[in-house]
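Presented sequentially are two complexes of chain A, the first with chain B as partner and the second with chain C.
Presenting the complex of A and B:
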């Protein structure tokens, strides 16, 4: 990132943080909270897929696991909510690591199938284990993170999590670990014979990525207060993937931009009613075809075309 | 220093019914330049893969400085001092040349280097890529990519460097330059095991030539002895000789 990019990020962050103080529209604020959640999930899915090259089709399941773990431990064990959210993240992280162990010996496409299957199994488990999860009825009566009716606090916690998550992600990517991650994506065998313990790093990154999904799921649970097994569904994973690709897979800002773009485009197309998803889908396909590297790649290409003044 | 750096004992590797390596035994002494030659499919790259740990042999023993290599991962073997390059080059395309070399420096050594970046720059200068330090590897020509792989392998501070067809696809001038580079690397005390088809390079630099055919070792000796070995001649000129034998018979 150049200094200009950094300044742009700082300004947009500031604008977003002031936004709910100026525009007191509860629905818009709600959308922004969801955006923060999706942006973080897309960014950490992108760490797995875009940076490490480990394709994951079951990512939403970890959001669901985090949500249910945190909600249930708050309801049944009465633990303080931040601790519940941490537990949700930890369980997701551990399960994230366990799932990748059998995938270490597989080619990419088998990993895609295994993760896809895991997502479905987790969803069905959440739906059938009715004594614990209340099944398709959904779990309700989850204690809220903040008692106040206002969404402001949720908004700031959501974006606070996104900010902290992004800073940590940037630090990770700039570290030696980040170099190893990209080297593995570029060529596993060359990375392995150059001294990188590729299996250890795949497990570590899966753990980190799923931990974050779990924490975000937990935040969601204590914000929305009702969760259903639908949270685990492939649909959400695909939405997260679409955001990441739309914004630019394998780039730092791409998934975050993608989350903003797709959530607000999706809202913007509401007037088309039945045709909404059709247009939305065509638009995603169009952008991905025009800019295979996503919005960020497209912007970078435009930047190169405009000769800089210096 | 041990008299043997790398030793293979009765190494066999089968892929289904194919015996890619068949009871191969050989020893590489510290400080030598040895070449591994043989027709296509004779098992040279398979042997490299067994040594570097891409896979393990079906049977047999591989030791490096008298340590059993088989339980070790490729990364551990690299840290132990075995570096390699690939026949089909595998640089990290989207990473810059310096980052490529840094991977080797950061992860390929037993101890964390204190000045990896300056060492990386020095290595890139050494292999002749000093001008390209910040360019992505995808922008390099084949000859440069091969040099980048060598620099990446050198960054792991190997004792033994396995070079898989570093001259293939290069033009005569580039081959000359490659020979000079290999000599310099050898001059730093690094043992070289070279798989090569370009015989000018093999004959020029090798102290010892090992010949494989259909997974078996058929000759092992000085370059001059090996080219005069009837078994080797038969392998390289086999069809014609066999044919003329038939006609005569």
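Presenting the complex of A and C:
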């Protein structure tokens, strides 16, 4: 990131933070909250897949686990909500680490099926363990994070989480650990011979990534207030994957840009009514054909072109 | 009872094998995942529905027609969408996933606009059952088993015995080497993409009475395709055939002896168990064993 990029980020962040104070449109604010959620999930999925090279097809399951854990512990144990959210995150993180243990000795693509299978198993468990999760009916009556009707507090907490998460992610990527993560992606054997403890790092990173997914899921549960097993579904994982690939896999800003782009592209065509999703799909095809390496790659290429013309 | 379930599992498994082989073929040759694969299935299902209930065509003609049409659609997709992306990036796996995801959304919504979201279907292509001493099998299932087995055999022969098949094998093993030996890479890519779409057309036609057809029906087969492909080892055709059978049998067993609600869960858990012992998928191990048996 250059200084110009940093300034642009700061300006756009400020604009977003001021946005709900100026535009008092509940629906837009709701969309932005969801965007923050998706951006954070996409960014940490990208940490696993884009930086570590560990394909994860069951990511949405951790969002679901975090949401259910937090909601259930708030409803049945009556713990304070921040503690519940932390619990949701912790359980997700622990399960994330446990799932990767058997994957350590597999080839990359087998990891894909194990995570895919775990996601499906978790979804089926959530929909058939009716005594605890109320099954397909979904959980309702989850205590809200803030009692007030206004979405403003949720908005700031959502973007606060996104900001803290992004800063921590940047710090992580710049540290020795981050370098080791990229080294593993590039060449596992070379990384191993350089003295990097591959297995420990893989477990640690999946723990961190799933912990974040769990916390975001918990936030979602205490914001939307009803959750269904659909939250675990492969569809959400694919949406998260699409966001980070659309923005640029393996880049820091890519997933966040991708989340904004895809959600607002999807919403922007609402006036087309029945043709909305059709246009959305065509647009994805168009953008990918124009920028095959994702939005960030496309922007970088454009930037290179401009000074050369001067 | 047990034999009956195993046979039912084989029927389902054979069709999963066909779905998986088409998917794994593309991965093996082009190193891409085609997320619009399920939508090819959906198109074939709709074609079969229209041909069978509107035009009353015989089944063999429907199979032939949908295969031809889907072959053309697949080849066109490769030429129109995948090729431009492929030519512009060195590592094309991610952009191709995105393009096919976009195609998936487009196809689903085009069909939704044209045909509406209602479930459509026909009762069955064939009536009656074959009653043997130890088990019962409906003619419909027997036909599914026969067609799938024939198709798998045909694909295997195509790949092992014809020039095109050998070119596909060569590309999947070593792309640069294949190009250096004068194999037209682009033609192999287009033909194999078409072949993959033609393969998934058959399950689309045959399963239509069982699964019905609606715009998002493609989610079911692509899930199976994923599972079968990964279980068999990415790009491994024999592994995919074996993987399909294993998935079909374990699913049928789970729904017969446990509960049909959790059958997918049990099948997936079983798959994780297999991968624990055969981390690269079962295909490579199967091939090792076969080589030992054939050349002792």
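In this text, the second predicted complex is superposed on the first by the 306 of 310 C-alpha atoms of A that agree within 3 Å, B and C clash if a C-alpha of one lies under 4 Å from a C-alpha of the other, contacts with A are read in each partner's own complex, and residues count from 1 in each chain.
We take it that a contact is a pair of C-beta atoms (placed from the backbone, for glycine too) under 8 Å apart; a residue touches a chain by one contact, two chains touch by 3 or more.
Remember, predicted model here, so these are calculated numbers, not experimental data.
A.B. asks: Between chain B and chain C, whom does A:196 touch in the aligned arrangement: first, second, both, or neither?
C.D. replies: A:196 sits against chain B, while chain C stays out of touch.
A.B. asks: Taking the superposition on A as described, I'd like to know which of chain B and chain C A:148 touches: first, second, both or neither.
C.D. replies: After superposition on chain A, A:148 lies in contact with neither partner.
A.B. asks: Looking at the overlay, what does A:234 touch: chain B (first), chain C (second), both, or neither?
C.D. replies: second
A.B. asks: In the superposed arrangement, does A:116 touch chain B (first), chain C (second), both or neither?
C.D. replies: second
A.B. asks: Should A:182 be classified as contacting the first partner (chain B), the second (chain C), both, or neither?
C.D. replies: Only chain B is touched by A:182; chain C is not.
A.B. asks: Figure out whether A:245 sits in contact with chain B (first) or chain C (second), or with both, or with neither.
C.D. replies: In the superposed model, A:245 contacts chain C only, not chain B.
A.B. asks: In the superposed arrangement, does chain B or chain C reach more residues of chain A?
C.D. replies: Result: the larger residue contact count on chain A belongs to C.
A.B. asks: Quick check on my understanding: which residues of chain A belong to both its chain B contact set and its chain C contact set?
C.D. replies: Comparing the two interfaces on chain A, one with chain B and one with chain C, no residues are shared.
A.B. asks: Under the stated contact criterion, what part of chain B meets chain A in this complex?
C.D. replies: Contact set of chain B toward chain A: 52-54, 73-75, 77-79, 83-84, 86, 90-95, 99, 102-104, 106-109, 149, 152-153, 156.
A.B. asks: Along chain A, where are the residues that touch chain B in the complex?
C.D. replies: Answer in residue numbers: 176, 179-180, 182-183, 186-187, 189-199.
A.B. asks: Show me the residue ranges of chain C that touch chain A in the complex, using the header's touch definition.
C.D. replies: Touching chain A: residues 35, 81, 84-85, 88-89, 92, 94-95, 97-99, 101-106, 108-110, 112-113, 219, 223, 226-227, 230-231, 234, 259, 261-262, 264-265, 268-269, 271-272, 275-276, 279-281 of chain C.
A.B. asks: Which residues of chain A touch chain C once you look at their complex with the stated criterion?
C.D. replies: It is residues 57, 102, 105-107, 109-110, 112-114, 116-118, 120-121, 124-125, 127-128, 234-235, 238, 241-242, 245-246, 249, 274-275, 277-278, 280-285, 288-289, 292-294 of chain A that touch chain C.
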